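Chain nomenclature is as follows: A, B, C and D, assigned in order of appearance, with residue numbering initiated at 1 for each chain independently.
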Amino acid sequence: MGLAFDATGLQAYLGEIFPQVADDFAIDALSEQGITMRLKVAERHLRPGGTVSGPAMFSLADVTVYALVLSRLGPKALAVTTNCSLDFMRKPESGRDIIATGSLLKLGRSLAVGDVHMVSQGSDRLVARSTMTYSIPPER
Amino acid sequence: MGLAFDATGLQAYLGEIFPQVADDFAIDALSEQGITMRLKVAERHLRPGGTVSGPAMFSLADVTVYALVLSRLGPKALAVTTNCSLDFMRKPESGRDIIATGSLLKLGRSLAVGDVHMVSQGSDRLVARSTMTYSIPPER
Amino acid sequence: MGLAFDATGLQAYLGEIFPQVADDFAIDALSEQGITMRLKVAERHLRPGGTVSGPAMFSLADVTVYALVLSRLGPKALAVTTNCSLDFMRKPESGRDIIATGSLLKLGRSLAVGDVHMVSQGSDRLVARSTMTYSIPPER
Amino acid sequence: MGLAFDATGLQAYLGEIFPQVADDFAIDALSEQGITMRLKVAERHLRPGGTVSGPAMFSLADVTVYALVLSRLGPKALAVTTNCSLDFMRKPESGRDIIATGSLLKLGRSLAVGDVHMVSQGSDRLVARSTMTYSIPPER
């Protein structure tokens, strides 16, 4: 199955549909195998002590899988998150972006499931892992 | 097991330790049975179309269980989220706060598990449900 | 929404479609609010030390939500488990059946989500909790 | 961190501590990177239609992560499952064993988290995926 977007096109499209948050994220790479998404960590993502907040990590995992679904189904795709599991393994390193590597475990007619591994930039130690399920409503 | 805080005291304490986000939340009720936490929905919590964002719902579930743990263990408690499962059932109703009802399923020596049900204010239809696990590091 | 089965009818129907395992389970109660399902604990459900095995608890949660879906949609319903989250809180008490209380959090056109709380009979301390999502394929 | 067992030693040890179920499983490979565990599919693992049952898949994921923990911590290790998330992607192919590939995402002092991918033998299409968290009680 081919890709409906390249990285630049998908980044631009995310900017259109999520103007509030798209600047937080950058697509570092996109291929048929998966996506690399960067959370550009800023003050607003931090908790006391300098750690990246849980909601910011959730947001990164969610946008990563949503971008994967869009990359396959194109801009007309509707998809809503129905389930998330998220494990936090280690404190991220302070002052570093978070790099998410995402791949689709399933892309069915009504459900898509994506897997996301998150590390601090320059490290290979897992900070968090998430599986996100999206429901794809039937076309009308 | 008694409570280490009442609702007012816990609200104030959350304001001290999470000055960035504590204003988003209000503790409507706190007892030994559980907690009622309100997400005061504002523009920054919304996605296009007026729906409350996933990260805002995650944030509400997370702070609800964290507040439950603090209410039992007191302000010295250290606790870090290690696992989250989150199911999204329905679109929240627009223009309404989200009300989370949380209870502790377990409060062990090293793990606490809390369950959270979220509805739009004035409705009894579940918008989302979450289970959050917190690791409680040993006192030093 | 009414019920398509009463407890006796549903028990009989489970016996028809799952002859291998239906004898492990008994429906203690069924109403529009939910279901009470008993795991009749036997030697084959135990692990060394006398604790009920994880797979037996999974099985109980799975059949509880499946029975809930059938009770609403009737015997023609197709439904396959797509996601499970399961938290284990405490060791069950030895020599006791496990009692599961299940309710539907959502029954949509393509997804059903059920919540299950499990205790040792005669206790109110939670042994495990599970959320199960079933996909309901479109009728053909 | 080295391994406390090789594949043969670990297989023998599982047979000692889980005599009821160890024959269902074979360790195909074990290294510092991870483990390959086979569910030797038999009649008792099947549901009507010939599909491998959910509890059998749960059991495979659980024993895979437990074996990973033992392979690192040795036979004295105590570890109890505290959380499981399990996604079912596709029907397994009938008449084939299920092959689980497991790796540890975290091995901390009090928690271990393992990831498991399951396929039908000879296929690379994911049948199920699971994350299992084990609590490791402090040594006494």
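We adopt the following convention: contacts are C-beta pairs under 8 Å (C-beta built on N, C-alpha and C of every residue); 3 or more make two chains touch, one makes a residue touch a chain.
Fair warning: this is a prediction, and the values are worked out from it, not measured in the lab.
The set of chains in contact with subunit B as well as subunit D comprises A, C.
Across C-D and A-D, the chain pair carrying more C-beta contacts is C-D.
In a homomeric contact, the two copies may use the same or different surfaces; for subunit B and subunit C, over half of the interface residue numbers are shared, pointing to the same surface. The most distant chain from subunit B is D, comparing centres defined as mean Cα coordinates.
Centre-to-centre separation between subunit A and subunit C, using Cα means, comes to 34 Å. If you average the Cα atoms of subunit A and of subunit D, the two centres end up 28 Å apart. Averaged C-alpha coordinates give centres for subunit C and subunit D that are 24 Å from one another. Among the residues of subunit B, those in touch with two or more other chains are 82-83, 85, 87, 133. Residue ranges on subunit B touching subunit C, taken from their complex, read 85, 87, 89-90, 105-106, 113, 115, 126, 129, 131, 133. Interface residues of subunit C facing subunit D in the complex, by the touch rule stated above, are 17-18, 20, 44, 47-48, 53-56, 58-59, 62, 80-88.
Residue ranges of subunit B in contact with subunit D, taken from their complex: 82-83, 85, 110-111, 133, 135, 138.
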